[in-house]
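Should a chain be cited, it is by its letter among A, B, C, D, E and F, assigned in written order, with residues numbered from 1 in that chain.
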Amino acid sequence: MSSQNIEVAVAELDMITDVFNRIVSSCHSKCINPRYSEADLNKGESVCVDRCVAKFFEVNKKVGERMQSMGGAGAGGAGGGGSPFGM
Amino acid sequence: MDLSSLSPAENAQMQRIIERKQMQDFMKLYSGLVERCFTSCVSDFTSKSLSSKEESCVLNCTDKFFKHSERVGARFAEHNADMMNQAQQGR
Amino acid sequence: MSSQNIEVAVAELDMITDVFNRIVSSCHSKCINPRYSEADLNKGESVCVDRCVAKFFEVNKKVGERMQSMGGAGAGGAGGGGSPFGM
Amino acid sequence: MDLSSLSPAENAQMQRIIERKQMQDFMKLYSGLVERCFTSCVSDFTSKSLSSKEESCVLNCTDKFFKHSERVGARFAEHNADMMNQAQQGR
Amino acid sequence: MSSQNIEVAVAELDMITDVFNRIVSSCHSKCINPRYSEADLNKGESVCVDRCVAKFFEVNKKVGERMQSMGGAGAGGAGGGGSPFGM
Amino acid sequence: MDLSSLSPAENAQMQRIIERKQMQDFMKLYSGLVERCFTSCVSDFTSKSLSSKEESCVLNCTDKFFKHSERVGARFAEHNADMMNQAQQGR
(Lines give C-alpha, C1' and ligand atoms only; values in the text may rest on other atoms or scores of the structure.)
Protein backbone atom coordinates (compact mmCIF):
# COMPACT_ATOMS: atom_id res chain seq x y z
CA MET A 1 0.00 0.00 0.00
CA SER A 2 1.01 3.64 -0.49
CA SER A 3 2.61 5.48 2.37
CA GLN A 4 1.08 8.54 3.98
CA ASN A 5 3.60 10.78 2.17
CA ILE A 6 2.62 9.52 -1.25
CA GLU A 7 -1.04 9.98 -0.46
CA VAL A 8 -0.52 13.60 0.50
CA ALA A 9 1.55 14.28 -2.62
CA VAL A 10 -1.04 12.62 -4.88
CA ALA A 11 -3.85 14.62 -3.25
CA GLU A 12 -1.88 17.81 -3.88
CA LEU A 13 -1.28 16.84 -7.50
CA ASP A 14 -4.99 16.10 -8.00
CA MET A 15 -5.90 19.45 -6.47
CA ILE A 16 -3.56 21.41 -8.74
CA THR A 17 -4.75 19.56 -11.84
CA ASP A 18 -8.38 20.10 -10.87
CA VAL A 19 -7.87 23.85 -10.39
CA PHE A 20 -5.98 24.12 -13.66
CA ASN A 21 -8.73 22.33 -15.57
CA ARG A 22 -11.39 24.53 -14.02
CA ILE A 23 -9.50 27.68 -14.99
CA VAL A 24 -9.05 26.42 -18.57
CA SER A 25 -12.75 25.68 -18.81
CA SER A 26 -14.05 28.83 -17.06
CA CYS A 27 -11.78 31.23 -18.94
CA HIS A 28 -12.58 29.48 -22.22
CA SER A 29 -16.28 30.17 -21.60
CA LYS A 30 -15.63 33.75 -20.59
CA CYS A 31 -13.09 34.76 -23.25
CA ILE A 32 -13.13 32.59 -26.37
CA ASN A 33 -15.58 33.36 -29.16
CA PRO A 34 -17.30 30.05 -29.97
CA ARG A 35 -17.76 30.85 -33.64
CA TYR A 36 -14.21 29.69 -34.42
CA SER A 37 -13.64 31.63 -37.59
CA GLU A 38 -9.90 31.72 -36.93
CA ALA A 39 -7.27 29.38 -35.45
CA ASP A 40 -5.39 31.96 -33.37
CA LEU A 41 -6.30 33.75 -30.19
CA ASN A 42 -6.95 37.32 -31.24
CA LYS A 43 -5.67 40.29 -29.23
CA GLY A 44 -8.89 40.73 -27.26
CA GLU A 45 -9.08 37.07 -26.35
CA SER A 46 -5.44 36.95 -25.23
CA VAL A 47 -5.81 39.94 -22.92
CA CYS A 48 -9.07 38.53 -21.58
CA VAL A 49 -7.42 35.17 -20.79
CA ASP A 50 -4.60 36.81 -18.84
CA ARG A 51 -6.99 38.87 -16.73
CA CYS A 52 -9.35 35.92 -16.35
CA VAL A 53 -6.62 33.74 -14.83
CA ALA A 54 -5.60 36.54 -12.46
CA LYS A 55 -9.19 37.07 -11.34
CA PHE A 56 -9.79 33.35 -10.91
CA PHE A 57 -6.86 33.17 -8.50
CA GLU A 58 -8.24 36.15 -6.60
CA VAL A 59 -11.62 34.43 -6.27
CA ASN A 60 -9.80 31.27 -5.17
CA LYS A 61 -8.10 33.26 -2.40
CA LYS A 62 -11.27 35.03 -1.26
CA VAL A 63 -13.25 31.78 -1.07
CA GLY A 64 -10.41 30.08 0.80
CA GLU A 65 -10.17 32.92 3.34
CA ARG A 66 -13.94 32.93 3.81
CA MET A 67 -14.04 29.21 4.40
CA GLN A 68 -11.21 29.44 6.91
CA SER A 69 -12.94 32.24 8.81
CA MET A 70 -16.04 30.02 9.01
CA GLY A 71 -13.87 27.90 11.27
CA GLY A 72 -12.21 24.57 10.93
CA ALA A 73 -11.99 24.39 7.19
CA GLY A 74 -9.00 22.12 7.67
CA ALA A 75 -8.31 18.92 5.75
CA GLY A 76 -11.24 16.57 5.97
CA GLY A 77 -13.72 18.94 7.55
CA ALA A 78 -16.31 20.72 5.45
CA GLY A 79 -16.60 23.50 8.01
CA GLY A 80 -20.10 22.48 8.96
CA GLY A 81 -21.28 23.03 5.43
CA GLY A 82 -23.23 20.14 4.15
CA SER A 83 -22.20 16.55 4.07
CA PRO A 84 -24.76 13.81 3.67
CA PHE A 85 -23.70 12.19 6.92
CA GLY A 86 -24.04 15.12 9.25
CA MET A 87 -20.58 14.37 10.63
CA MET B 1 -25.45 3.10 5.78
CA ASP B 2 -25.27 -0.06 7.87
CA LEU B 3 -21.68 -0.88 8.76
CA SER B 4 -22.60 -3.43 11.45
CA SER B 5 -21.98 -6.36 9.11
CA LEU B 6 -18.29 -5.46 8.84
CA SER B 7 -15.65 -7.08 11.05
CA PRO B 8 -13.62 -4.76 13.35
CA ALA B 9 -10.65 -4.93 10.94
CA GLU B 10 -12.90 -4.13 7.98
CA ASN B 11 -14.46 -1.33 9.96
CA ALA B 12 -11.07 0.23 10.64
CA GLN B 13 -10.14 0.00 6.96
CA MET B 14 -13.52 1.51 6.06
CA GLN B 15 -12.87 4.45 8.40
CA ARG B 16 -9.57 5.14 6.63
CA ILE B 17 -11.28 5.01 3.22
CA ILE B 18 -14.04 7.35 4.44
CA GLU B 19 -11.46 9.81 5.75
CA ARG B 20 -9.60 9.85 2.45
CA LYS B 21 -12.82 10.27 0.53
CA GLN B 22 -13.89 13.15 2.76
CA MET B 23 -10.64 14.91 2.03
CA GLN B 24 -11.10 14.37 -1.72
CA ASP B 25 -14.73 15.52 -1.51
CA PHE B 26 -13.68 18.58 0.43
CA MET B 27 -11.12 19.47 -2.24
CA LYS B 28 -13.73 19.10 -4.98
CA LEU B 29 -16.27 21.07 -2.98
CA TYR B 30 -13.75 23.86 -2.61
CA SER B 31 -12.64 24.07 -6.22
CA GLY B 32 -16.22 23.59 -7.44
CA LEU B 33 -17.33 26.47 -5.23
CA VAL B 34 -14.56 28.71 -6.56
CA GLU B 35 -15.62 27.92 -10.12
CA ARG B 36 -19.30 28.48 -9.34
CA CYS B 37 -18.76 31.86 -7.66
CA PHE B 38 -16.29 32.95 -10.33
CA THR B 39 -18.79 32.09 -13.08
CA SER B 40 -21.66 33.92 -11.38
CA CYS B 41 -19.78 36.96 -10.11
CA VAL B 42 -17.02 37.81 -12.57
CA SER B 43 -17.70 38.86 -16.13
CA ASP B 44 -15.79 42.07 -16.59
CA PHE B 45 -12.28 41.63 -17.95
CA THR B 46 -11.28 45.24 -18.49
CA SER B 47 -9.20 44.94 -15.32
CA LYS B 48 -7.16 42.17 -13.72
CA SER B 49 -8.35 42.81 -10.17
CA LEU B 50 -11.73 42.13 -8.62
CA SER B 51 -13.98 45.16 -8.24
CA SER B 52 -15.50 45.69 -4.79
CA LYS B 53 -18.87 44.66 -6.22
CA GLU B 54 -17.41 41.41 -7.55
CA GLU B 55 -15.69 40.75 -4.25
CA SER B 56 -18.86 41.21 -2.25
CA CYS B 57 -20.66 38.91 -4.71
CA VAL B 58 -18.01 36.22 -4.20
CA LEU B 59 -18.29 36.41 -0.41
CA ASN B 60 -22.10 36.24 -0.48
CA CYS B 61 -21.91 33.38 -2.98
CA THR B 62 -19.62 31.43 -0.65
CA ASP B 63 -21.76 32.03 2.44
CA LYS B 64 -24.96 31.25 0.62
CA PHE B 65 -23.59 28.04 -0.83
CA PHE B 66 -22.72 26.70 2.60
CA LYS B 67 -26.10 27.67 4.02
CA HIS B 68 -27.73 25.98 1.04
CA SER B 69 -25.65 22.82 1.47
CA GLU B 70 -26.42 22.68 5.16
CA ARG B 71 -30.14 22.97 4.50
CA VAL B 72 -30.00 20.26 1.83
CA GLY B 73 -27.98 18.10 4.25
CA ALA B 74 -30.64 18.49 6.96
CA ARG B 75 -33.48 17.50 4.59
CA PHE B 76 -31.34 14.66 3.27
CA ALA B 77 -30.73 13.30 6.78
CA GLU B 78 -34.46 13.51 7.61
CA HIS B 79 -35.28 11.63 4.44
CA ASN B 80 -32.74 8.91 5.21
CA ALA B 81 -34.11 8.56 8.76
CA ASP B 82 -37.63 8.17 7.33
CA MET B 83 -36.42 5.51 4.93
CA MET B 84 -34.75 3.56 7.77
CA ASN B 85 -37.90 3.73 9.89
CA GLN B 86 -40.03 2.47 7.01
CA ALA B 87 -37.57 -0.33 6.35
CA GLN B 88 -37.66 -1.40 10.01
CA GLN B 89 -41.45 -1.30 10.20
CA GLY B 90 -41.53 -3.41 7.06
CA ARG B 91 -39.58 -6.19 8.79
CA MET C 1 -6.72 -6.25 -1.34
CA SER C 2 -10.14 -5.11 -0.11
CA SER C 3 -12.71 -7.71 0.82
CA GLN C 4 -16.08 -7.99 -0.89
CA ASN C 5 -17.76 -6.37 2.13
CA ILE C 6 -15.59 -3.29 1.97
CA GLU C 7 -16.21 -2.94 -1.76
CA VAL C 8 -19.97 -3.00 -1.28
CA ALA C 9 -19.79 -0.45 1.55
CA VAL C 10 -17.54 1.86 -0.48
CA ALA C 11 -19.89 1.61 -3.48
CA GLU C 12 -22.81 2.53 -1.24
CA LEU C 13 -20.90 5.47 0.20
CA ASP C 14 -19.99 6.70 -3.30
CA MET C 15 -23.63 6.40 -4.37
CA ILE C 16 -24.93 8.42 -1.41
CA THR C 17 -22.29 11.12 -1.89
CA ASP C 18 -23.04 11.31 -5.61
CA VAL C 19 -26.79 11.73 -5.01
CA PHE C 20 -26.17 14.34 -2.32
CA ASN C 21 -23.91 16.36 -4.60
CA ARG C 22 -26.41 16.20 -7.45
CA ILE C 23 -29.21 17.44 -5.16
CA VAL C 24 -27.03 20.30 -3.89
CA SER C 25 -26.21 21.29 -7.46
CA SER C 26 -29.71 20.85 -8.96
CA CYS C 27 -31.52 22.64 -6.15
CA HIS C 28 -28.94 25.42 -6.19
CA SER C 29 -29.73 26.01 -9.87
CA LYS C 30 -33.47 25.84 -9.28
CA CYS C 31 -33.72 27.92 -6.09
CA ILE C 32 -30.78 30.25 -5.48
CA ASN C 33 -30.77 33.68 -7.08
CA PRO C 34 -27.34 34.01 -8.75
CA ARG C 35 -27.10 37.74 -8.18
CA TYR C 36 -25.79 37.22 -4.64
CA SER C 37 -26.82 40.55 -3.15
CA GLU C 38 -27.12 38.98 0.31
CA ALA C 39 -25.31 36.30 2.31
CA ASP C 40 -28.36 34.54 3.75
CA LEU C 41 -30.94 32.30 2.16
CA ASN C 42 -34.10 34.38 2.03
CA LYS C 43 -37.51 32.97 2.95
CA GLY C 44 -38.45 32.10 -0.62
CA GLU C 45 -35.15 30.35 -1.29
CA SER C 46 -35.39 28.33 1.94
CA VAL C 47 -38.88 27.07 1.17
CA CYS C 48 -37.85 26.32 -2.40
CA VAL C 49 -34.86 24.26 -1.23
CA ASP C 50 -37.01 22.14 1.12
CA ARG C 51 -39.52 21.36 -1.64
CA CYS C 52 -36.79 20.84 -4.17
CA VAL C 53 -35.12 18.14 -2.06
CA ALA C 54 -38.47 16.41 -1.51
CA LYS C 55 -39.24 16.46 -5.23
CA PHE C 56 -35.77 15.23 -6.15
CA PHE C 57 -36.27 12.18 -3.94
CA GLU C 58 -39.65 11.57 -5.57
CA VAL C 59 -38.05 11.68 -9.02
CA ASN C 60 -35.32 9.37 -7.75
CA LYS C 61 -37.99 6.87 -6.68
CA LYS C 62 -39.98 7.08 -9.92
CA VAL C 63 -36.90 6.59 -12.07
CA GLY C 64 -35.79 3.65 -9.91
CA GLU C 65 -39.20 1.97 -10.15
CA ARG C 66 -39.32 2.55 -13.89
CA MET C 67 -35.87 1.02 -14.39
CA GLN C 68 -36.79 -1.98 -12.28
CA SER C 69 -40.00 -2.56 -14.27
CA MET C 70 -37.89 -2.50 -17.43
CA GLY C 71 -36.48 -5.72 -16.06
CA GLY C 72 -33.19 -6.72 -14.62
CA ALA C 73 -31.98 -3.36 -13.49
CA GLY C 74 -29.94 -5.16 -10.87
CA ALA C 75 -26.35 -4.43 -9.94
CA GLY C 76 -24.15 -4.49 -12.97
CA GLY C 77 -26.87 -4.69 -15.62
CA ALA C 78 -27.99 -1.58 -17.44
CA GLY C 79 -31.35 -3.17 -18.20
CA GLY C 80 -30.55 -3.39 -21.87
CA GLY C 81 -30.13 0.33 -22.05
CA GLY C 82 -26.99 1.32 -23.75
CA SER C 83 -23.51 0.15 -22.98
CA PRO C 84 -20.73 0.49 -25.53
CA PHE C 85 -20.04 -3.24 -25.48
CA GLY C 86 -23.53 -4.56 -26.20
CA MET C 87 -23.17 -6.94 -23.28
CA MET D 1 -10.96 -4.12 -27.44
CA ASP D 2 -8.50 -6.92 -27.96
CA LEU D 3 -7.99 -8.91 -24.78
CA SER D 4 -6.25 -11.84 -26.51
CA SER D 5 -2.81 -10.60 -25.52
CA LEU D 6 -3.63 -11.06 -21.82
CA SER D 7 -2.68 -14.24 -19.92
CA PRO D 8 -5.53 -16.31 -18.40
CA ALA D 9 -4.76 -14.90 -14.95
CA GLU D 10 -4.71 -11.36 -16.31
CA ASN D 11 -7.94 -12.05 -18.15
CA ALA D 12 -9.67 -13.15 -14.94
CA GLN D 13 -8.46 -10.04 -13.14
CA MET D 14 -9.64 -7.93 -16.08
CA GLN D 15 -13.12 -9.49 -15.85
CA ARG D 16 -13.32 -8.52 -12.16
CA ILE D 17 -12.25 -4.96 -12.96
CA ILE D 18 -14.81 -4.75 -15.77
CA GLU D 19 -17.58 -5.99 -13.45
CA ARG D 20 -16.74 -3.42 -10.82
CA LYS D 21 -16.59 -0.67 -13.43
CA GLN D 22 -19.95 -1.73 -14.83
CA MET D 23 -21.49 -1.42 -11.40
CA GLN D 24 -19.95 2.03 -10.93
CA ASP D 25 -21.08 3.08 -14.41
CA PHE D 26 -24.58 1.82 -13.71
CA MET D 27 -24.73 3.86 -10.49
CA LYS D 28 -23.60 6.99 -12.35
CA LEU D 29 -26.03 6.32 -15.18
CA TYR D 30 -28.84 6.04 -12.66
CA SER D 31 -28.07 9.17 -10.66
CA GLY D 32 -27.26 11.11 -13.84
CA LEU D 33 -30.61 10.11 -15.29
CA VAL D 34 -32.45 11.22 -12.14
CA GLU D 35 -30.69 14.58 -12.30
CA ARG D 36 -31.41 14.97 -16.02
CA CYS D 37 -35.13 14.18 -15.71
CA PHE D 38 -35.47 16.29 -12.59
CA THR D 39 -33.87 19.26 -14.36
CA SER D 40 -36.09 18.92 -17.45
CA CYS D 41 -39.37 18.05 -15.76
CA VAL D 42 -39.55 19.86 -12.42
CA SER D 43 -39.58 23.62 -12.10
CA ASP D 44 -42.57 24.40 -9.94
CA PHE D 45 -41.80 24.61 -6.23
CA THR D 46 -45.13 25.81 -4.90
CA SER D 47 -45.73 22.25 -3.73
CA LYS D 48 -43.53 19.50 -2.33
CA SER D 49 -45.09 16.66 -4.34
CA LEU D 50 -44.80 15.94 -8.03
CA SER D 51 -47.81 16.96 -10.13
CA SER D 52 -49.24 14.30 -12.42
CA LYS D 53 -47.84 16.24 -15.37
CA GLU D 54 -44.37 16.24 -13.84
CA GLU D 55 -44.65 12.55 -13.05
CA SER D 56 -45.58 11.64 -16.61
CA CYS D 57 -42.72 13.79 -17.86
CA VAL D 58 -40.27 11.91 -15.60
CA LEU D 59 -41.48 8.51 -16.82
CA ASN D 60 -41.25 9.54 -20.47
CA CYS D 61 -37.83 11.05 -19.85
CA THR D 62 -36.60 7.77 -18.34
CA ASP D 63 -37.99 5.62 -21.15
CA LYS D 64 -36.73 7.93 -23.84
CA PHE D 65 -33.26 8.10 -22.35
CA PHE D 66 -32.90 4.32 -22.47
CA LYS D 67 -34.19 4.15 -26.04
CA HIS D 68 -31.77 6.89 -26.96
CA SER D 69 -28.83 5.13 -25.26
CA GLU D 70 -29.69 1.86 -26.96
CA ARG D 71 -29.77 3.54 -30.35
CA VAL D 72 -26.43 5.26 -29.72
CA GLY D 73 -25.04 1.91 -28.52
CA ALA D 74 -26.12 0.21 -31.75
CA ARG D 75 -24.50 2.89 -33.96
CA PHE D 76 -21.42 2.81 -31.74
CA ALA D 77 -21.07 -0.96 -32.14
CA GLU D 78 -21.46 -0.70 -35.94
CA HIS D 79 -18.79 1.97 -36.04
CA ASN D 80 -16.39 -0.12 -33.98
CA ALA D 81 -17.01 -3.15 -36.23
CA ASP D 82 -16.25 -0.99 -39.31
CA MET D 83 -13.02 0.22 -37.70
CA MET D 84 -11.93 -3.36 -36.95
CA ASN D 85 -12.65 -4.45 -40.52
CA GLN D 86 -10.66 -1.56 -41.91
CA ALA D 87 -7.78 -2.32 -39.57
CA GLN D 88 -7.73 -5.98 -40.68
CA GLN D 89 -7.88 -5.12 -44.37
CA GLY D 90 -5.02 -2.73 -43.80
CA ARG D 91 -2.78 -5.57 -42.54
CA MET E 1 -0.19 -4.81 -8.15
CA SER E 2 -1.61 -4.77 -11.66
CA SER E 3 0.64 -5.66 -14.54
CA GLN E 4 1.40 -3.29 -17.38
CA ASN E 5 -0.97 -5.22 -19.69
CA ILE E 6 -3.92 -4.83 -17.35
CA GLU E 7 -3.23 -1.14 -16.99
CA VAL E 8 -3.27 -0.61 -20.73
CA ALA E 9 -6.50 -2.61 -21.12
CA VAL E 10 -8.19 -0.70 -18.29
CA ALA E 11 -7.12 2.62 -19.79
CA GLU E 12 -8.58 1.56 -23.14
CA LEU E 13 -11.84 0.51 -21.46
CA ASP E 14 -12.07 3.84 -19.64
CA MET E 15 -11.46 5.70 -22.88
CA ILE E 16 -14.20 3.84 -24.76
CA THR E 17 -16.69 4.29 -21.92
CA ASP E 18 -15.85 7.98 -21.68
CA VAL E 19 -16.38 8.52 -25.42
CA PHE E 20 -19.63 6.56 -25.35
CA ASN E 21 -20.99 8.62 -22.45
CA ARG E 22 -20.04 11.86 -24.16
CA ILE E 23 -21.84 10.80 -27.36
CA VAL E 24 -24.95 9.81 -25.39
CA SER E 25 -24.95 13.17 -23.62
CA SER E 26 -24.08 15.36 -26.65
CA CYS E 27 -26.56 13.70 -29.00
CA HIS E 28 -29.25 13.80 -26.32
CA SER E 29 -28.81 17.57 -26.11
CA LYS E 30 -28.77 17.95 -29.88
CA CYS E 31 -31.63 15.60 -30.81
CA ILE E 32 -34.05 14.87 -27.97
CA ASN E 33 -36.94 17.26 -27.33
CA PRO E 34 -36.83 18.01 -23.58
CA ARG E 35 -40.60 18.39 -23.24
CA TYR E 36 -41.05 14.62 -22.93
CA SER E 37 -44.64 14.38 -24.08
CA GLU E 38 -44.05 10.84 -25.35
CA ALA E 39 -42.02 7.81 -24.27
CA ASP E 40 -40.70 6.80 -27.71
CA LEU E 41 -38.10 8.35 -29.94
CA ASN E 42 -40.07 9.86 -32.80
CA LYS E 43 -38.94 9.55 -36.44
CA GLY E 44 -37.13 12.88 -36.47
CA GLU E 45 -35.27 12.18 -33.23
CA SER E 46 -34.19 8.71 -34.41
CA VAL E 47 -32.76 10.00 -37.68
CA CYS E 48 -31.07 12.84 -35.83
CA VAL E 49 -29.42 10.44 -33.37
CA ASP E 50 -28.00 8.27 -36.18
CA ARG E 51 -26.49 11.26 -37.95
CA CYS E 52 -25.32 12.77 -34.69
CA VAL E 53 -23.31 9.66 -33.80
CA ALA E 54 -21.76 9.59 -37.29
CA LYS E 55 -20.79 13.25 -37.08
CA PHE E 56 -19.39 12.87 -33.57
CA PHE E 57 -17.04 10.16 -34.83
CA GLU E 58 -15.99 12.40 -37.70
CA VAL E 59 -15.18 15.20 -35.27
CA ASN E 60 -13.31 12.69 -33.11
CA LYS E 61 -11.18 11.75 -36.11
CA LYS E 62 -10.51 15.35 -37.20
CA VAL E 63 -9.45 16.40 -33.71
CA GLY E 64 -7.21 13.33 -33.37
CA GLU E 65 -5.51 14.01 -36.72
CA ARG E 66 -5.05 17.67 -35.82
CA MET E 67 -3.48 16.81 -32.48
CA GLN E 68 -1.15 14.32 -34.10
CA SER E 69 -0.04 16.84 -36.72
CA MET E 70 0.77 19.25 -33.88
CA GLY E 71 3.48 16.78 -33.07
CA GLY E 72 4.03 14.31 -30.31
CA ALA E 73 0.47 13.76 -29.24
CA GLY E 74 1.53 10.35 -28.04
CA ALA E 75 0.55 8.72 -24.80
CA GLY E 76 1.38 10.94 -21.87
CA GLY E 77 2.26 14.09 -23.77
CA ALA E 78 -0.23 16.87 -24.25
CA GLY E 79 1.53 18.03 -27.39
CA GLY E 80 2.77 21.15 -25.69
CA GLY E 81 -0.75 22.22 -25.01
CA GLY E 82 -1.31 23.18 -21.49
CA SER E 83 -0.42 21.25 -18.41
CA PRO E 84 -0.09 22.96 -15.06
CA PHE E 85 3.47 21.74 -14.66
CA GLY E 86 4.95 22.98 -17.89
CA MET E 87 6.51 19.56 -18.40
CA MET F 1 4.75 20.93 -5.38
CA ASP F 2 7.55 20.02 -3.02
CA LEU F 3 8.61 16.42 -3.50
CA SER F 4 11.87 16.78 -1.54
CA SER F 5 10.36 15.26 1.59
CA LEU F 6 9.83 11.94 -0.22
CA SER F 7 12.34 9.09 0.02
CA PRO F 8 13.97 7.90 -3.25
CA ALA F 9 11.65 4.85 -3.33
CA GLU F 10 8.61 7.03 -2.70
CA ASN F 11 9.83 9.42 -5.36
CA ALA F 12 10.04 6.61 -7.93
CA GLN F 13 6.53 5.45 -7.05
CA MET F 14 5.32 9.04 -7.29
CA GLN F 15 6.82 9.33 -10.79
CA ARG F 16 4.87 6.25 -11.90
CA ILE F 17 1.65 7.65 -10.43
CA ILE F 18 2.25 11.00 -12.16
CA GLU F 19 2.84 9.25 -15.50
CA ARG F 20 -0.37 7.27 -15.20
CA LYS F 21 -2.30 10.36 -14.23
CA GLN F 22 -0.86 12.29 -17.16
CA MET F 23 -2.08 9.59 -19.53
CA GLN F 24 -5.54 9.67 -17.96
CA ASP F 25 -5.58 13.47 -18.08
CA PHE F 26 -4.53 13.40 -21.71
CA MET F 27 -7.37 11.01 -22.55
CA LYS F 28 -9.88 13.25 -20.80
CA LEU F 29 -8.45 16.34 -22.44
CA TYR F 30 -8.83 14.68 -25.82
CA SER F 31 -12.40 13.45 -25.40
CA GLY F 32 -13.41 16.68 -23.67
CA LEU F 33 -12.03 18.64 -26.60
CA VAL F 34 -13.93 16.50 -29.10
CA GLU F 35 -17.15 17.09 -27.16
CA ARG F 36 -16.50 20.81 -26.87
CA CYS F 37 -15.78 21.31 -30.58
CA PHE F 38 -18.67 19.05 -31.58
CA THR F 39 -21.07 21.05 -29.39
CA SER F 40 -19.88 24.40 -30.75
CA CYS F 41 -19.47 23.48 -34.41
CA VAL F 42 -22.11 20.90 -35.33
CA SER F 43 -25.81 21.61 -35.19
CA ASP F 44 -27.13 20.58 -38.58
CA PHE F 45 -28.35 16.99 -38.76
CA THR F 46 -29.84 16.97 -42.25
CA SER F 47 -26.71 15.08 -43.35
CA LYS F 48 -24.46 12.49 -41.75
CA SER F 49 -21.18 14.03 -42.92
CA LEU F 50 -19.48 17.19 -41.77
CA SER F 51 -19.89 20.20 -44.06
CA SER F 52 -16.68 22.01 -45.03
CA LYS F 53 -17.76 24.88 -42.80
CA GLU F 54 -18.20 22.53 -39.83
CA GLU F 55 -14.85 20.92 -40.54
CA SER F 56 -13.02 24.21 -40.59
CA CYS F 57 -14.79 25.20 -37.36
CA VAL F 58 -13.59 21.96 -35.71
CA LEU F 59 -9.99 22.51 -36.78
CA ASN F 60 -9.98 26.12 -35.57
CA CYS F 61 -11.64 25.03 -32.33
CA THR F 62 -8.89 22.45 -31.74
CA ASP F 63 -6.06 24.86 -32.50
CA LYS F 64 -7.57 27.62 -30.44
CA PHE F 65 -8.16 25.36 -27.47
CA PHE F 66 -4.49 24.39 -27.34
CA LYS F 67 -3.36 27.97 -27.67
CA HIS F 68 -5.77 28.92 -24.92
CA SER F 69 -4.54 26.09 -22.64
CA GLU F 70 -0.93 27.04 -23.24
CA ARG F 71 -1.62 30.64 -22.33
CA VAL F 72 -3.48 29.62 -19.17
CA GLY F 73 -0.59 27.26 -18.34
CA ALA F 74 1.94 30.08 -18.67
CA ARG F 75 -0.05 32.41 -16.39
CA PHE F 76 -0.61 29.52 -13.97
CA ALA F 77 3.12 28.79 -13.77
CA GLU F 78 3.91 32.47 -13.17
CA HIS F 79 1.36 32.59 -10.39
CA ASN F 80 2.79 29.48 -8.74
CA ALA F 81 6.32 30.92 -8.95
CA ASP F 82 5.08 34.12 -7.28
CA MET F 83 3.43 32.10 -4.51
CA MET F 84 6.65 30.17 -3.90
CA ASN F 85 8.70 33.37 -3.73
CA GLN F 86 6.28 34.91 -1.27
CA ALA F 87 6.33 31.76 0.86
CA GLN F 88 10.14 31.79 0.94
CA GLN F 89 10.34 35.48 1.82
CA GLY F 90 7.86 34.80 4.61
CA ARG F 91 10.22 32.31 6.24
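The rule is short, and it goes like this: a residue touches a chain if its C-beta (ideal position, glycine included) is under 8 Å from a C-beta of that chain, and two chains touch if they have at least 3 such contacts.
Going by UniProt, the chains are A, B, C, D, E, F = Mitochondrial import inner membrane translocase subunit.
The shown structure was predicted, so the numbers you read here are calculated from the model rather than taken from an experiment.
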>> Suppose chain centres are the mean of their C-alpha atoms. Which chain sits farthest from subunit A?
In response: D
> Which chain is most remote from subunit C in terms of Cα centres?
Replying inline: F
> Pick the pair with more C-beta contacts: A-F or E-F?
Replying inline: E-F
>> Among D-E, E-F or C-D, which pair gives essentially the same interface as A-F, with more than half of the residue-number contact pairs in common?
In response: D-E
> In whole angstrom, how far does the Cα centroid of subunit B sit from the Cα centroid of subunit C?
Replying inline: 13
> So, what's the distance in Å between the C-alpha centres of subunit C and subunit A?
Replying inline: 24
> Quick one: subunit D and subunit F, Cα centre-to-centre, how many Å?
Replying inline: 26
> What are the residue numbers in subunit B that touch two or more other chains?
Replying inline: 25, 37, 41, 58-59, 63, 65, 67-69, 72-73, 76
> Taking each residue of subunit A in turn, which ones touch at least two of the other chains?
Replying inline: 14, 16-17, 19-20, 24, 31, 50, 54, 82-84
>> Per the contact definition, I'd like the list of subunit C residues that touch subunit D in the complex.
In response: 7, 11, 14-15, 18-19, 22, 25-26, 29-31, 47-48, 50-52, 54-56, 58-60, 62-64, 66-67, 70, 75-84, 86
> Given the complex with subunit F, which residues does subunit A contribute to the contact?
Replying inline: 2-3, 5-6, 9-10, 12-14, 16-17, 20, 23-24, 27-28, 31-32, 34-41, 45-46, 49-50, 53-54, 57
> Considering the complex alone, what residue numbers of subunit D touch subunit E?
Replying inline: 1, 3, 5-7, 10, 13-14, 17-18, 21, 25, 36-37, 40-41, 56-61, 63-65, 67-69, 71-73, 75-76, 79
>> Applying the document's contact rule, which stretches of subunit D touch subunit C when the two form their complex?
In response: 19-20, 22-35, 37-39, 41-43, 45-50, 54-55, 58-59, 62-63, 65-70, 72-74, 76-77, 80
